[in-house]
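Structure first, commentary second.
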Amino acid sequence: MNELRDTVRAVLRRHPGQAWEKLCAEVGVTGLAIPEEHGGAGAGLPEVHAVLEELGRDLTPHRLHGTTLASQALLQAGDTRWLKRIADGSVTAALALDGEPYTLDAPGADVVVASHNGRLYEATVTRSCTALDESRALGVVEPDLTRPIGSANAGRLREIACVLLSAEQVGAAARALEITVEYTKTRVQFGRPIGAFQALQHRMADLHVAVEAARAVSRAAVAGQAHPSVAKVVCSETLMRVAGEMIQLHGGIGITWEHSAHRYFKRAHGSWHLYGTPDAHVKRLAAARLD
Amino acid sequence: MNELRDTVRAVLRRHPGQAWEKLCAEVGVTGLAIPEEHGGAGAGLPEVHAVLEELGRDLTPHRLHGTTLASQALLQAGDTRWLKRIADGSVTAALALDGEPYTLDAPGADVVVASHNGRLYEATVTRSCTALDESRALGVVEPDLTRPIGSANAGRLREIACVLLSAEQVGAAARALEITVEYTKTRVQFGRPIGAFQALQHRMADLHVAVEAARAVSRAAVAGQAHPSVAKVVCSETLMRVAGEMIQLHGGIGITWEHSAHRYFKRAHGSWHLYGTPDAHVKRLAAARLD
Amino acid sequence: MNLRAEAREWLRVNGTRLPSVDTPEGFAAHREWEQRLFEARLSVVTWPSEYGGRDASLQDWLEFEEEYWAADAPVRVNQNGLFLLAPTLFAHGTQAQRDRILPRMANAEVVWAQAWSEPSAGSDLAAIRSTATRADGGWVLNGQKTWSSRAALADRAFGLFRSGPDRHRGLTYLMFDLHAPGVTVRPIRQLNGEAGFAEIFLDDVFVPDEDVIGGEGEGWRVAMSTAGHERGVSLRSPGRFLAAADRLVRLWKERPDPALRDRVVDAWIDAQAYRLHTTSQGVEASLGKVFWSELDVRIHEAALELLGPSAQMRGRWSDGHIFALAGPIYAGTNEIQRNLIAERILGLPR
Amino acid sequence: MNLRAEAREWLRVNGTRLPSVDTPEGFAAHREWEQRLFEARLSVVTWPSEYGGRDASLQDWLEFEEEYWAADAPVRVNQNGLFLLAPTLFAHGTQAQRDRILPRMANAEVVWAQAWSEPSAGSDLAAIRSTATRADGGWVLNGQKTWSSRAALADRAFGLFRSGPDRHRGLTYLMFDLHAPGVTVRPIRQLNGEAGFAEIFLDDVFVPDEDVIGGEGEGWRVAMSTAGHERGVSLRSPGRFLAAADRLVRLWKERPDPALRDRVVDAWIDAQAYRLHTTSQGVEASLGKVFWSELDVRIHEAALELLGPSAQMRGRWSDGHIFALAGPIYAGTNEIQRNLIAERILGLPR
């Protein structure tokens, strides 16, 4: 797994701006969780999770999220039509989940499917949305009820969605903290790097504790050792907190368009709302645990 | 009002251990909010509030809270039997509010009254309680329904109770912070007073902001310019926070019986629950504001 | 009719919503709005009547502000002038400066930008490097300012310049024209893409002696004596947050999620606390700055949570949130305010 | 049957609740409990079998701990010995020391107290002033230790003593008898009135050479190499907090206040996070210390809020709360942990 992470990180470093195409072509990331008989690598979601954690770090544009979700749904429904071309990267896809107002990666996807009342349907994008997080393509999707595909376990798909999203959140939070730490080492005020001021040090120390815990939870969730809602709650809150502190610790430049802080902040907000806010997941956990 | 505060503070300083008796005898604190025709000073609740803020500072044992509440209830009910002796300090009293499980100052009080379904009754203490906060006398009180006194506006009495309690909370919070600030100026570690470490400075700065806001709210509430529930929420939360930080900032000695920190902490907990927790008052405000 | 009632009525009749002040058309519309406020003698109520004010007390002004923000009236495009420069002129300016500058500020004929920060002088304001050099009949300015709010579209600016080597006593307070020869203004896009701030590059910009406030080398003393105005109640009166908290409560009524009740009520309580803190005893500027800036963030966070998924799209609350995020940073970061509280109020050792 | 299952069954049959460990009768009962654990080979499962252990892996031990705390079994009276001294002896002790000390520790025949802090050496542990002076065949100790947990009733103690002037290299790690001539123990009453801590006064206390660990002047190195054991997972395994969070959830079910739902679930989530963080990748001791100590406070605060007015009276949760409050203080304050994280992990400048 660490080898995969290193490979992805090396591709991202070597090919800024076209990393996604290279990852499809050279690493075959869209086929990682597709069985070999359908042209995939026959690995699993943990591998996709590892790639997403890396992609999340620099908020690299990609379609791995929607494509993976859609391929998992198609596998559930027993529809193998597109799997081979998804695996080789020639077809992109997205999955709209019941009740989710916006679908990630839907605009521009070659294949769009939707889960609806326990079944999977072909679907169309009726509207592209301009979200604050401009690194994301969000769309409103309408299932075509005349074109059913097969059965779909919407609950399980939503869990996968939460876990995959949490990987990106962890990657983004870790990187946002790294950028912040580096900035405070070089920004000098009152004759010292501001990172030498204890009050800021302690805030960054607390963020580090939070990021490491979130990473553990997210990785445990994809391994089936933690509830996906726990991952959604912990990783959403951690990225939100780190991104907010990133802005504050950068001072003025943190609120400029030029600096990357606002992009992490907008990603934090977008991810917060996708697939249910932490509050919604706390409700769900309470229902499961407390009642 | 500042003169009254100074007088009280001087008495407290000059007569440690017997301050309450001196305040009754020399300042007539129990008569401040009783009209002159009933032997009081004809001042008002703001004066009582000022005295309570001072009494709260060092958690001085006193009976001003219960005695004031009871005298306000008796004035409402038109019963003047005990007012003169309450005003001159020869009779102590307490008021049990509908639905409140424990009554402050009830054990040992000469006169105990209880509000129940809009009426005031004579009452008896059926049990004294050992609370964590040993500076407080709490009792379980039963109204004697055969001995009605008159009508009572329980809602208004509860508001007065919240506001009076908030004065003590503000006094305690302010003093707890002062003690903490002084300690950090003298405790040396790593060759410096720990109060020179910025992370601790910022925590104490935040506490100062909170204490000053709480003071403003509490004083506004007794002047009728803020909702009593707002005072109960803000002052409960502020004292709880300051007392918790007092322990943490004192380190080891903060958790010993010898140091005063635990007394502020226990006061914070006791006051938190009296007359409804902040959560209960938030509910009430929500009902008033939001519905 | 008292001021509060008069303001409420005037705003009821004349109140309006304008495009963003950080766009050219919005800026112009805000300037017109100020002109109308001025004509109603509502633009500078605390000023002496000779400058178009009403000599209103602090309490009257706080009530005016409550009405102003409750009416959801436009932001004050000239707030740098009204709330930072004007108090400085009243305290340290000459009569001639006041007579020359204040009337055209009151009606927004001249809109002012502040020019405090520099790339290496943010929290550490005294590290200023931009220079003011003596010249015939005035001074010549060189250097770079940044985070200059409103500068992209304003007329004039004020700030500190280094006129000598001493860290504090080598600073002089000057006003300059943003359209003077040698001035280049580069807008800085904020998180929402709009340019609320700008960088100002100064290349041999001439400033006449009459535009020095308080004299050569007095800049730090002058700036610090009115620094509280930037941080505290005059920059952000309680009325703003009372109004925002009320909008939050209304939003909650439209979308009454019980799980968010506490956050809504807590924000509303804190807005009350800020008002009471301010009006009951006057508030140390540093305390107020920490309080209002963090309250503003909490109000907007609660609102975004109430909005749900649509919070991801641009809108009034998300724009307001981005503005709120800057609160703990500008006008002296909250870290600086906490240092001040710790050292000056609590007397903690350095 | 694996260790987890065996432990669960044994605890189901033998589990008990004992009086407070900080009272003489409670202490004796806890000592007996340890003896029974030892006889079941459950007192030191990670140790080698020659000392009564099972060579259990970290994962096995974490599972054992989960079962232990889920069963609400008694606190480990000898935890200073088991989790602080024993790892030090395994790493730095001599074979003779291990053979002599560990067996009687495993069955709690000898209960150990720690003696790290001094009045002027708390967070700044290297400021230790108590001295160890060379004597014939050993050392003579003088000085004062404080915050010595369990010392009021324990048999022996271990700590650092100043054997030379160098701040770090002048410290030596020694064990001593709490009943030796010259030792005076003064219990310190905690918030709940019980004496979980004590001061130790040392007046010419003789310690033989065999009770030095790691050699003269090696104390700091020895103590720091196993400091992680004091802060991290071996001091406070996730099982404790999982059990406490489950008790909190049960309390909520008895008193299902909807307004407190989020705090209950958040505490439960954080207990899961601490477990996952610990088991998935091993955790830096400083991170774990900050996490578990603040989680423990949150769990107890939520419980007290659920209890309502009766929380003002003494009880299990209020006693637990007071114990939890000490968490951010002992074993290196959380401020010290944050300094370590900032400097050693994030590489921030001093």
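We just call them A, B, C and D in the order they show up, numbering each chain from 1.
Throughout what follows, a residue touches a chain if its C-beta (ideal position, glycine included) is under 8 Å from a C-beta of that chain, and two chains touch if they have at least 3 such contacts.
All of these numbers come straight from a predicted model, not from anything done at the bench.
Any chain touching chain A that also touches chain C appears here: B, D. Look at the CA centroids: the one farthest from the centroid of chain A belongs to B.
Mean C-alpha positions place chain B and chain D at a centre distance of 39 Å.
Distance from the chain A centre to the chain B centre is 51 Å, each centre being the mean of its Cα atoms.
Within chain A, contacts with two or more other chains are made by residues 197-199, 201-202, 279, 282-283. Counting partner chains per residue, chain C has residues 259, 261-262, 335, 338 touching two or more of them.
If you draw each protein chain as a dot and join the dots that touch, every dot ends up joined to every other dot. Per the touch definition, chain A reaches chain C in the complex via residues 101-102, 129-133, 138, 188-190, 194, 197, 199-200, 244, 247-248, 251-252, 254-258, 262, 265-266, 269-270, 273-274, 277, 279, 282-283. On the side of chain C, the complex with chain B involves touching residues 249, 252-253, 256, 261-262, 264-266, 268-269, 272-274, 276-277, 280-281, 283-284, 287, 290-291, 335, 337-339, 341-343, 345-350. Contact residues of chain C toward chain D in the complex are 258-259, 261-262. For chain A in complex with chain D, the touching residues are 181, 184-185, 192-193, 195-196, 198, 201-202, 204-206, 208-209, 212-217, 219-220, 225-227, 230, 233-234, 279, 282-283, 285-286, 289-290.
The touching residues of chain C, when paired with chain A in their complex, are 117, 120, 122-124, 127, 146-147, 188-191, 193, 197, 257, 259-260, 304-305, 308-314, 318, 322, 325-326, 328-330, 333, 335, 338.
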